[in-house]
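Here's the structure we're looking at; comments come further down.
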Amino acid sequence: MDIIVLKPAASEEEIRRVLKKLERRGLKANISKGTERTIIGVIGDTSKISEEEENAFRLMPGVEDVMRILKPYKLASRDFRAEDTTIEVMGRVIGSKKIQVIAGPCAIENKTMLMNIAEKVKGAGASFIRGGAFKPRTSPYSFQGLGEEGLKYLSEVRKKTGLPVVTELMDPRDIGLISRYADIIQIGARNMQNFRLLLEVGTCDKPVLLKRGLSATVKEWLMAAEYIMSKGNQNIILCERGIRTFETATRNTLDLSAVPLLKELSHLPVIVDPSHAVGKLSLVAPMAKAAVAAGADGLLIEVHTNPEEALSDGEQSLKPDEFYKLMEELRPIAAAVGREI
Amino acid sequence: MDIIVLKPAASEEEIRRVLKKLERRGLKANISKGTERTIIGVIGDTSKISEEEENAFRLMPGVEDVMRILKPYKLASRDFRAEDTTIEVMGRVIGSKKIQVIAGPCAIENKTMLMNIAEKVKGAGASFIRGGAFKPRTSPYSFQGLGEEGLKYLSEVRKKTGLPVVTELMDPRDIGLISRYADIIQIGARNMQNFRLLLEVGTCDKPVLLKRGLSATVKEWLMAAEYIMSKGNQNIILCERGIRTFETATRNTLDLSAVPLLKELSHLPVIVDPSHAVGKLSLVAPMAKAAVAAGADGLLIEVHTNPEEALSDGEQSLKPDEFYKLMEELRPIAAAVGREI
Amino acid sequence: MDIIVLKPAASEEEIRRVLKKLERRGLKANISKGTERTIIGVIGDTSKISEEEENAFRLMPGVEDVMRILKPYKLASRDFRAEDTTIEVMGRVIGSKKIQVIAGPCAIENKTMLMNIAEKVKGAGASFIRGGAFKPRTSPYSFQGLGEEGLKYLSEVRKKTGLPVVTELMDPRDIGLISRYADIIQIGARNMQNFRLLLEVGTCDKPVLLKRGLSATVKEWLMAAEYIMSKGNQNIILCERGIRTFETATRNTLDLSAVPLLKELSHLPVIVDPSHAVGKLSLVAPMAKAAVAAGADGLLIEVHTNPEEALSDGEQSLKPDEFYKLMEELRPIAAAVGREI
Amino acid sequence: MDIIVLKPAASEEEIRRVLKKLERRGLKANISKGTERTIIGVIGDTSKISEEEENAFRLMPGVEDVMRILKPYKLASRDFRAEDTTIEVMGRVIGSKKIQVIAGPCAIENKTMLMNIAEKVKGAGASFIRGGAFKPRTSPYSFQGLGEEGLKYLSEVRKKTGLPVVTELMDPRDIGLISRYADIIQIGARNMQNFRLLLEVGTCDKPVLLKRGLSATVKEWLMAAEYIMSKGNQNIILCERGIRTFETATRNTLDLSAVPLLKELSHLPVIVDPSHAVGKLSLVAPMAKAAVAAGADGLLIEVHTNPEEALSDGEQSLKPDEFYKLMEELRPIAAAVGREI
């Protein structure tokens, strides 16, 4: 809250009460009387005033509106840290010149399948293996994941292939378990404002891949990152995965403009998940290319050896040879924007 | 999944493979050859096939699309239970002729304030007291609630006023704590698809007030209820609280058409929270009236003795006398739709 | 544009250029130096600066952002005219205590049908007959309306029943034709920002029923009214008819909070079209009731004697006896909010 | 309409009536009795049944729902024409290997400025000059364009530079005027469902650049193209320019997934306007690159020699040297996807 707009009919007494209230919070005021409105510019550190606390002012007699100029997030902002944050995981650096590709099945179904996919995506140039052991499914009757068994498979895959592991945390009670197996902890879109979960990963020492909520603004997304960072964990990777709009021809609408926008507003690395965003196999490759052209630091891509039989999200999974072909096609685009893949 | 649409060019072999796959899942097929498309009607219990598993069929060669006719929720559906569910809490019956009003502050700030509000809303005709002890706030720097201390205040208020208590659960680890104090457990909009939390309240013996997610469709909302019900807890109260749209003049867009729609699709009681939906004091009363006229079984209304100093959501809180006036105005509307308040 | 926020690093020279530019436009400045940002309060008549012209300032070196406090509409605003606008048409006063109901078929199909419906809705208490002679259809292969023949039928209906006529104008070239037959000219949702059409009805002497665009904010809607009013025609009736959101269970999402909001922002009468908003017969009556409870000045309701055979929008049309029953049910709700119907 | 789903309780008599109605429309039925629902597959040419006329069936007693499998558009669909449509204008071929770039100011302000920009964008590699003579502005108080004078300037620019001209038609009465000057006629986003305007350009011999409506689905957009094509004009260029969502950090949300999706559904060329979509200078270049990577056939980019003084949309206009730099950066991306620019 940095500007208070007074009603045309605000009385001297009402203005005095606003000024007094500012004073009690250690803030000063600069009054600007216009022909139609009087404006109070608030001077001092207003960053600690929560968006909701602004209401105390907004509701005062004589006040028409209250505006905020400073961003509500601080640690996540580019103002706080000018240089790009880079996150190193087992020798891979996210946020560097090299575009990091995280690939694998939506859900882990069995060890053989996972190992098979991991070897193939590694061969194609992926840097990380992903796979869900705990799956947030919209139906209680759908496959919910293999649980710890799945995590063990991931661990074996890392051992054999050397690929670091990305997997999702759904429940604060699982933080110890997931931390033992994951190299990067994923927070899913539906949990982006599960604040207890955010605080939990804020105190762990693993990087966090924070997916954008289905209807989260860029500002709310950065506030979610701020939650984690406020607890000490500065290693956040933002992941655009499509937002919910009126359009039903694609599962979500991939908001690629969020990539360069986040690069301006924040120092955190930004990756893109085209698979979940479009939910349609044939659109994954064009959107992966577009993401790289838009400046993404990485990609999260679903790969499955047998999409027709996948227990989750097969509709959008690339087969290993399609993934290999995509990686080949991405290379010249990465080069065109001064990156490599 | 109940209908499979084949591509115009689907071969006999491709059709045979689809039929075989159906057979393996114990389903039968009725083939309908049109001039432009061939359609397979699936016969048998298709309700156990998850929305995601439909993809296995959708991705088969020769298949153009797959459609679902039956609803993905079962226990929550009106088909499953024709009569309205009623939920009794300390003598108050939600889902009955009487419209139940839950009132109180957004966050509990101190005991005196809470007691004061409780007595006033009771005097005005409210049936339940609400107040948050754990608050999901978009900023980590905002007031996060008093925690167990707040729950104790609620308990004292119930003792003194006889009002049952509604309060929010944010973390599965708090289920024991919240259950000791709450008469109805609230699941907030941001946790509507926090599936672990849903499963947790599914096994407890307290009714659950399930708020609609910010961008949840009515179908997803009923699927969230299904999650809880699938674990045994059938006492769900659905609460419409506004959805996120492009309009920024109100905080959210209150979707009142969801009320009569839910009455058709489900047997569960439906209440409306106009305060969060509009986020603007002057719109709360008209929207509360509209909700009653639309057929809501109850209202959730924020009341605060001193909104200007509220630590959360003061902008939309009614003062006790405004709440009293609203209750008076609601009575003839309730009567006009055959209800009482 | 009333506030200019400068970048922390804005130089004295940059600030001087901003001030000079304000001066050239006859505006004065009040500078407020905060700890993190400097703010310029603009003094003078800023209402003539278009939203787009603000960009000239926004793009200046040293400028971080530009904010507008004053509303971009003037004639349509409550500030401009404190008392409610009332519009009289053949003795019916829209915006008065009496809630005016406009009823009839979506499209005029033949004279007998129209006359039949008109007599029945009049008997049930409707004050206006509506019917489309020119229909905006999403498909070029759908029935496009009877054209002037339909207008003639409307004219005969008015003669016989005394009901004034509401019909839609789609094309500026038809203004003469429509004006000869209509008592109120409707501008459809898809034409809300068809600015040439708005200017055209701005110079005619018939009241205009201006439907909200599918994705129009309340501000844009009032700006569309401003377009008409800026040409001289002050008789605008705003009609909420649902907005486009992610929810697909209803055709659109009826935004009833727009009704009390518009009553605050503007002096113009506001009516509600529940039929188009929900697109589902069973939801029309509850939403009509909710609209009256929310403070609407009128309703626009589709009525058809044989919805199953309607050439347009039969899915949501009430039959005459259902309309009669609804009118009966609306009376006590109208009374409860101090109105009559 | 191709599938009719019956209610579980549909009587034999009700089913017979549905079949009879199908028969009257020359359609046949294949009945498929499931355990929970009976489904009627409709056989015959259902493409002439409008979406709205399906309601006649949907409202019949015993009918639960009606589904459409075939797309409502025909001439615009890939099924109708398998090979890509290419449109030649003065030697430039839209929809070919070469990505066509249309550049110029939002509004034409004066001749010198326009000529200056035209020469510069031509030098940088643009193939078309754009500029608005008639401007759809949200405020009646904003600059509305120079009218015919602006068109004359465009004509002089074409003469001097050889660049074909793209300009907007807002009013069916201006079709003759615009046709005399334009090489491609633009239909703006707000007029995408101005059906009279669509029919008007459907009978003219100039290619049409059809912008996507702010809240238009891809299906509705193709239906708008179908409107034009149904009148004979097959030369339609689809232009994605961002859709309206809840996100306010960008002006609109650029839906790049629409590009590859349209390439599947339709044979029409697709271009992208990143300038209007993002409304923010710094995001234009990354989104232009992403559009090319996603497979766009062209770009529409705002260029202005003096954005700070632009009378319209200066906020997002590139300066000529920025445009030159962008064109250079686009070349390797175009090459990477097998195109040239």
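Annotations for the structure displayed:
Letters A, B, C and D mark the chains in the order given here, with residues in each chain numbered from 1 onward.
One rule holds in what follows: a contact is a pair of C-beta atoms (placed from the backbone, for glycine too) under 8 Å apart; a residue touches a chain by one contact, two chains touch by 3 or more.
It should be emphasised that the depicted structure is a prediction, and the values quoted were computed from it without experimental measurement.
Across the assembly, the mean Cα position most removed from that of subunit A is the one of C. When the interfaces B-D and A-D are ranked by C-beta pairs in contact, the top one is A-D.
A straight line joining the Cα centres of subunit A and subunit B is 26 Å long.
Inter-chain centre distance (subunit A to subunit D, centres taken as mean C-alpha positions): 31 Å.
Averaged Cα coordinates give subunit B a centre that lies 38 Å from the centre of subunit D. Under the contact definition stated at the top, the residues of subunit A that touch 2 or more other chains are 215, 244-246, 248.
Contact residues of subunit B toward subunit D in the complex are 2-3, 5, 30, 32-37, 39, 41-45, 64-65, 67, 69-70, 215, 244-246, 248. On the side of subunit A, the complex with subunit D involves touching residues 215, 217-219, 243, 245-250, 253-261, 264, 277-278, 280, 282-283, 286-287, 289-295, 329, 332-333, 335-337. Within the complex formed with subunit B, the residues of subunit A that make contact are 48, 50-53, 55-56, 58-60, 72, 136-143, 170-173, 190-191, 193-196, 199, 214-215, 220, 223, 226-227, 230-231, 244, 281, 307-315.
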